[in-house]
């Protein structure tokens, strides 16, 4: 067992964002639509007014829409922009695309997941068998000039004959993703820095391993010995984790399995305000800029509301939660 | 929850081998050198005198050497043939290769693992960045005529420029593996057929998902509800499992984490006998042919020997086991 | 004869198309209802799984998105996205995927990305998500649509997910190894695809809906010669849907 | 001056080459000893991991193979093979891989597959295992060899794992992105590679071993002009090796 202790990796969200997220960084957002989004880190990125970010996501929701809405994002590679019933299409994303204020390149979920997998395995590209002859292949969102930038693949994807097949079997080749930064919210981090995600991991593990810098926000920091009693359940070894941010409710208003459900009341509030620019500015002022850190944020959400979404340790969600 | 119950998938090793393993089948062996080899199934394959099998393994040990030694195997694609200290090179494998009695194609562990991964994802090939200009690329073990057979890739591997890189970045392309049968020994199978492997999974999960037919032997069959209390730990959903064989000590003499350690005494006995043909025939007669089923086999190993390798529920191995 | 809403008959009609041992790839909304009611009424051995990796969950409460923690409870396996898509396309599984979209053409190709020019769209939708993957890899797909002329179009604004491409054998020639849409379930009826030409035709009209009404709501030419009337949802199907699957009417509305 | 065996000085000399925050990719046998003693004596923050996926285990008892259950106890992560190889080649990690082989040439290329003709070999060895992958992907490799002429050869019978290929820049031109052997640790001394030509040269002779003896045991021309004498293993290094790492002398013999 190494004497590795979390030590100087443990820091505030402010410090992690200041140190590891420069303007223009390519960022992979962990989580999926309304589940386990790295919201505390996203709020801090907005607070620090980061600019020209290049987001890479499969299916993303609240964190992506907040960053796009706050004008932090210049370019995004994405498969699905929505938050289930609470936003069939992510509202600020939709507005930005329709106003031409955002460079978008569309892929499918499996394609984006394979691109992260390829990056996590040190492979330059990955084959895929989905989307032949669709506009995902034929139409381009990024301009030719963007294609010359370092973190942008020089081609969106390619089609190729399968050299191991005598017939006409074809594959698409997808450029791998190696993001500058991956943001992951996990339930547990050991005091040696190792992370354990409970419930569905989506593509967080591939994103985390593909990234140059990995920031993990978490609900709890626990003795490493506890996590080492069942290492099968731990996904991210400490030497891959660059920064750990203790952030209870750090995924709010999205869900965190076994800790809290998604928060319908807040998601409806977001939906109500995101529809027009003025109301959205008020939302940002009230829930991001006007708040110095996550404790104020949670005070503002209020304990009674937090209790309504308290997840059962058995089911992992809040049984009987009013979700209308 | 589906009403799916294990029902007619539960069968004896004899029935599973009879029904699902024809002569000439391509078989992926789960486990790794001296850990979690599907030994009970391998012994049954030898007992039924299966012929012309085509094995595909990364680093394999006892099960592979038993099958090769008993003359069941015509062709093998492998990265490493050995059982750690107990056989730096697998003894019957070495003899068969030196006598020209076995077609062998060498790959590396990462290459074979990527080939299984490609097969599990429905992809025809996988890129790799290991082994450029080595003889793994340049020398061929399989004859041109074998290369025309259905389950043999038409090319061992190919080299290709990376089309997403302006420079001279290269990749190797490896044909994916979709074995006719995968043999996996797991600690637990639920009574709905779902399997949970504890400890290192090696490439068992990729092999199991890449295969057309999946046979899982296991230490215990437990209520599905138990496994469903923590689905994060289950790797193989019931609808991928074709046959379940209850086989306590089914990996002996290799280890099964949290159940039993590898059995040095038996592995040294194997090593002593495998060196010459006559002695090896005696070993097969004594430990395979002369035994009708696994209960007789365990009687023969003997309870006191089994107690010496009884694994601790905490460490997963037999603390203080004499391994000289 | 019990009364029922559009969503109810859509969910139930789709549910009837499910085979005993199918593996159902459920999306959100009506497709979630269809998969769950199919399992409870027609095919108890069918397995519902979600593209996020929740396989065969208990579904005590209805998930409102494929990433809803409710897809993770009581499941046999909680895997990652990649493993879920591997199952979706697994050659030994009869996977049936439920899809929705903004537009559909006469060969069942779908648009869930934009209306207007891709680089400066009039309307932006969420995008493919797992839709293109499901349409590419599943053994069969069932598509849910509101039956309106602006949705049943001659030409898609953006081609997101593959149906039968240009009809005939064009799907297989393009590189796909299997699959293709089995049916389109709308609020007016059920449409299927001609076995040779792969062009959409009207298979069923819901009670009280005339083939003419369906033609009016379809921009491309539609063969209605084989249309029969759909059997109305029966008591049991409605009871399961309303009391067990969506008691809070979260999706039924 | 304490007495010591070949294996002891080999394990300890290799251990001394390890940096503080290295991630050590351990094989079986002597390389297992070297990784463990390096960690306990020189680099407590170094992390030992195994190609089977056992990462940073407690190593209370010495594993006898990379798949020994002892690599799975007290580890921070138990992953699969693929994840382990991804870590081995991870661009942000200084991974140091320990390798052994049957033959080595003057550029550190290795043979662990056959002696004689590949299709009908005189002697068959286990094969690459993870050796070729480690030699291809690790930040550095350290090779353990018995110093004999039949092992230090002009030309390999089979080229299994890449060292510096044909020397100079040939490794990078071949498609590798980093790595290459840092040192060869034998029972007679320690050899390194010229920074430009990448040809092997003698860096250290163990106490009592003359450069001539090493030349005698090397089939190819060897530059011994820079050879110094290795500092003998000290009390502490031997104590840790004998009492903590391999008390049963399972590998030390």
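To keep things simple, chains are lettered A, B, C and D as they appear, and every chain counts its residues starting from 1.
Note that in this section a residue touches a chain if its C-beta (ideal position, glycine included) is under 8 Å from a C-beta of that chain, and two chains touch if they have at least 3 such contacts.
Note that the structure is predicted; figures quoted are calculated from it, not measured.
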item	value
A-D against A-C, pair bridged by the larger set of C-beta contacts	A-C
Euclidean distance of C-alpha centroids - chain B vs chain C, Å	40
Averaged-CA centre spacing for the pair chain D and chain B, given as whole angstrom	28
In chain B, residues with contacts to at least two other chains	114, 121-122, 129, 169, 171, 199, 232
In chain C, residues with contacts to at least two other chains	54, 72, 78-79, 82, 85, 89, 137, 177
Chain contact topology (line, ring, star, complete or other)	other
Interchain contacts, given as pairs of chains that touch	A-B, A-C, A-D, B-C, B-D
List of chain D residues in touch with chain B within their complex	28-29, 51-54, 60-61, 64-73, 78-82, 85, 89, 113, 118-133, 136-137, 158-162, 165, 173-177, 248, 250-251
Chain C residues touching chain B - in the complex, by the definition given at the top	21, 23, 39, 44-47, 49, 54-58, 72, 74-79, 82-83, 85-87, 89-93, 137, 177
Of all residues in chain B, those that touch chain A in their complex	114, 118, 121-129, 153-155, 158, 162-166, 169, 171, 173, 175, 198-199, 232-233
Chain B - residues contacting chain D, complex	31-35, 58-59, 61, 78-86, 88-90, 93-94, 97-98, 100, 106-111, 113-114, 117, 129-136, 138-139, 141, 159, 168-171, 199-203, 205-206, 255, 257, 261-262, 311, 315-317, 319-320, 322-324
Complex interface listing, chain B residues touching chain C	1-4, 120-122, 178, 190, 192, 194, 209, 212, 224, 227-228, 231-232, 234-240
